[in-house]
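Down below are the structures I want you to see.
What follows is subunit A paired twice: with subunit B in the first complex and subunit C in the second.
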Partner chain A sequence: MKVFLWRAAVLVAAILIWEAAAAPLNPILYIRPSSLPGAFVRMWRVPELPPLSEHLWLTLREILVAFGLAIAAGLWLGFLLGLRRSIGRIYEPLLAALYAIPSVVWYPSLMLFFGLGPASKIAFGFLLGFFPIVLAVLAGIRQVPAPLVTVAVSMGARPAAVFRKVMLPAMASTMVGGLRAGLALSVVGVLVGEVLGARSGLGYVINYAYGLLMTAEYGVLVVLVAGAVLAIDGAGALLEARVRRWAG
Partner chain B sequence: MGRLAVIGWQALSLAGLVLIWQAAGRWGWVDPLFVPTPAQVASALVGTAGEALPRLGDTVLKAVIGYGLAVTLGVTAGLLIGSRRMLHDVAMPYVVALYGIPKILILPWIALIFGLGLSTAVLNAALFAFFPVVLMVAAGTRDVDPTLITVATSMGATRWQIGRKVLLPAVLPSVLAGMRIGMVFAMLGVLLAEMFAGNRGMGFFMQRLAVAFKAPELFAATAVVSVLSIAVVLSLEHLNQRLGRWR
Partner chain C sequence: MNGASDPQIVLQDVSKRYDTASGVVLAVERVSVAVRSQEFVTLLGPSGCGKSTVLGMIGGLIQPDAGRILIEGEPVVGPNPRQIALVFQDAGLFPWRSALDNVGFGLELQGVAAARRREIALGLLEPMGLRGFERKYPRELSGGMRQRVAIARALALDTPILLMDEPFGALDEQTRLLMGEWLVGVRRRTRKTIVFVTHSLQEAIALSDRIVVMTARPGRVKEIVDVTLPYPRDLNAPEVVDLRAKLWDQVKEESLKAMEGGA
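== the complex of A and B ==
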């Protein structure tokens, strides 16, 4: 209880300090928290900003497609490398080396291939979301106790049953963790793509508001998007906890 | 399969990939406007080296400054948060939330205040690298076995001795892990800032090559940054292992 009070106090103090610090400064550069509610109301009516719901919907679809592709490719490659040990020993280090590259270096090339439309954002979101999923599947497979598999096979379990009854429970929580990290990175990938160069989508609107120096509106959008991202991640955390309980 | 065989297969696969790629360009399976052949990329690498190297140096300099900031502040904050229970309980949700928020959202604002130059890129790098370092170090510090400290104290160790002989070796792995992750994030932050609002550096250069449809040069620049990052991360990992032996 005391902890919760302290947390709330920290948040309130941070907002108050920000407000006080920004008050004497240029309101266009230093967005005051108290200017956000007004901007939130204004934002839906100003003709300068493109209609938000369309852009929001486009961004959501980009994220869903990117994440879907990342799941499919990530699970496939993860199981391929994890179950065929000889292939895994050869290609896992190469994959790990790719993971060490700051991902944004790929973006200009993707922009060149796919243009400024949604395709380059989906490709980047896919690329970012793909790695944590592969790595989680590989880590998950390593966690499966080998004796359990041996026992199940020797007792006559079919491969499908071994997979479902032995492997999946043992690797479930790691895999869900990887999926959660993959979703977060897919979201980041799509947003980064939209901010760096796009003609539509939430990132574009954010950039647009900033370009028009409508910084209060920009601030509102940032707070809303950040809140949505945290909410999605929170839902993912709940799901992860549930799976962890199921897998025991 | 022995270690040598694994390396052999890796080299063979990479060489095969380059050959297929060259063949694909050569026989027109892919549009050369978008996918240049490895030979073209190699010659572009030589051709742009003069322009690319100073830009790479610029980017690395910014990344190192931002990284230094992030590691100094991040390790300090991580040690504090990890060692004080109340502080941990109060601050941790905020650290996790700030870590989770896509930092790209704040980049336009940083660029607005700090302009196109060095400080925007450095700040963005520090912002990207700070939170993963804090999380790693805080988690590592929290996991230090308290009985180690109790035993050392009861055996009459001074605070300084406990810090050097007990805490430092116990916390070091997570600090090093944080430093390794921080390096990638710092590079990411700098490149992103340069791509978004830069007029120098590798990120700006790559973005410009993409817009100008100079695919061979772009591939060459991408390869240079990638190889550099992999080399840095691998050498940090190597250092990590050597320090592990010292422990």
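== the complex of A and C ==
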């Protein structure tokens, strides 16, 4: 609790210092924290745009779809490569090579292929979120202690029971770590996609505000994104801690 | 049907090879041993002599390349948890399961109901001095406690045969002696056939009815020594000291070979 109070105090102090420092400067370049609430009200209903809530909702849906696809494909490919070693030996180096390429270079081709709508954002969020999940599954499978599998087999466990009662629990904390990283990157992918080229969504509105030098409004959006990401990651951290406690 | 005097476990000319990066290694060569029901037989030999491989083959975890293994007259085709339970050197407890749920693991695989599993597990843990520890996780237990939980997990299957692969190898000397005494008591109560693997002369003498001395790689049967002394065995009694000296001569030769062989 004490730590929490200290953190709050530091945050308030930082905002106050910021306010004092920005006050005498050009508001187009320097955002004053006190200008944010007014900007939020203006931003909520920009006459030329659909309401902000619609952009938020669209971005959220894009993130959910991108992350959902990343989970499905990541788990599928991870288990395929990790459990079928003959396939894994062929494709794992390819996967590592692909992962080494900065993902942003793919985005223009994704826009060409999927267009300016949500599909290209989902594809990019998927691409970014997918790798940490596959890699976590592969690492998790390697971490399953062979003696535990031997114990289970000696007690008559069939492959399905070994998978469910030994492999999955032994992999759980590594996998949850990978899912958390994947979610964070799916969020980044969708937002970057929207900033780079879109007609709607939170990233698009950020780009719009920035383009019109609506600096305070832009600041509001950044705070919104930061809050949303912190909330998502906080939920992820809680889940991870629970799984770690359970999986020892 | 078997007569009462037929051995329960029979190994006939059992051999096992391993393919390694540096070529084929003969781990076990033409091992023949017969173990009677309720007998305590120890496989004694230097590291890498194939003792664990022999145990794994009896347990159905490893397929022999030649020879045959019979349990109650039937060939071993795979793990049979109704007949054989194994205990390994590293306790091998599941870290995400409490002591109680670790002990119940094998029963869970057999579809035994949770209430019954709990009853059986508690019945095993309490006489082991683990009352009050059933909700603890392996990381919260000492090495000796973890090994007792692992043994309880094997005993929970209530099999006639127990195979133990250096179960006390990771424990300190004092704990090891106490666990040995405790195992003698377990054996008296449960009347199981036990095949035990160790490289400790002391342990072999304290526990066994018969000691099978194995050679350095490839593992063969060098000699089989009967130990007829009553339990509990005083490790300083003159007969025990003599026996230890005799066994040491046998084992020393093989240990030297193993060292020269780079094992």
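Simple rule for what comes next: the second predicted complex is superposed on the first by the 233 of 248 C-alpha atoms of A that agree within 3 Å, B and C clash if a C-alpha of one lies under 4 Å from a C-alpha of the other, contacts with A are read in each partner's own complex, and residues count from 1 in each chain.
Criterion: a contact is a pair of C-beta atoms (placed from the backbone, for glycine too) under 8 Å apart; a residue touches a chain by one contact, two chains touch by 3 or more.
Bear in mind the structure is a predicted one, so any value in this text is a computation, not a measurement.
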Of subunit C and subunit B, partner touching more subunit A residues: B
Contacts of A:112 with subunit B and subunit C, given as first, second, both or neither: first
Partner chain(s) touched by A:24 [first = subunit B, second = subunit C, both, neither]: neither
Subunit B versus subunit C as contact partner of A:153, first or second or both or neither: second
Touching partner for A:246 - first (subunit B), second (subunit C), both, neither: second
Partner chain(s) touched by A:166 [first = subunit B, second = subunit C, both, neither]: second
Residue ranges of subunit A in contact with subunit B within the complex: 3, 6-7, 10-11, 29-31, 86, 89-91, 93-94, 97, 100-109, 111-113, 184, 187-188, 191-192, 195-196, 203, 206-207, 210, 215, 218-219, 222, 225-226, 229-230, 233
Touching residues (chain side subunit C, partner subunit A) in the complex: 59-61, 79-81, 85-86, 88, 90, 92, 94-96, 105-106, 108-110, 137-139, 157
Touching residues (chain side subunit B, partner subunit A) in the complex: 1, 6, 9-10, 13-14, 34-35, 86, 89-91, 93-94, 97, 100-102, 104-109, 112-113, 184-185, 187-188, 191-192, 195-196, 203, 206-207, 209-210, 213, 215, 218-219, 222, 225-226, 229-230, 233-234
In the complex with subunit C, residue positions of subunit A that touch it: 145, 147-148, 150-157, 161, 165-166, 169-170, 172, 246-248
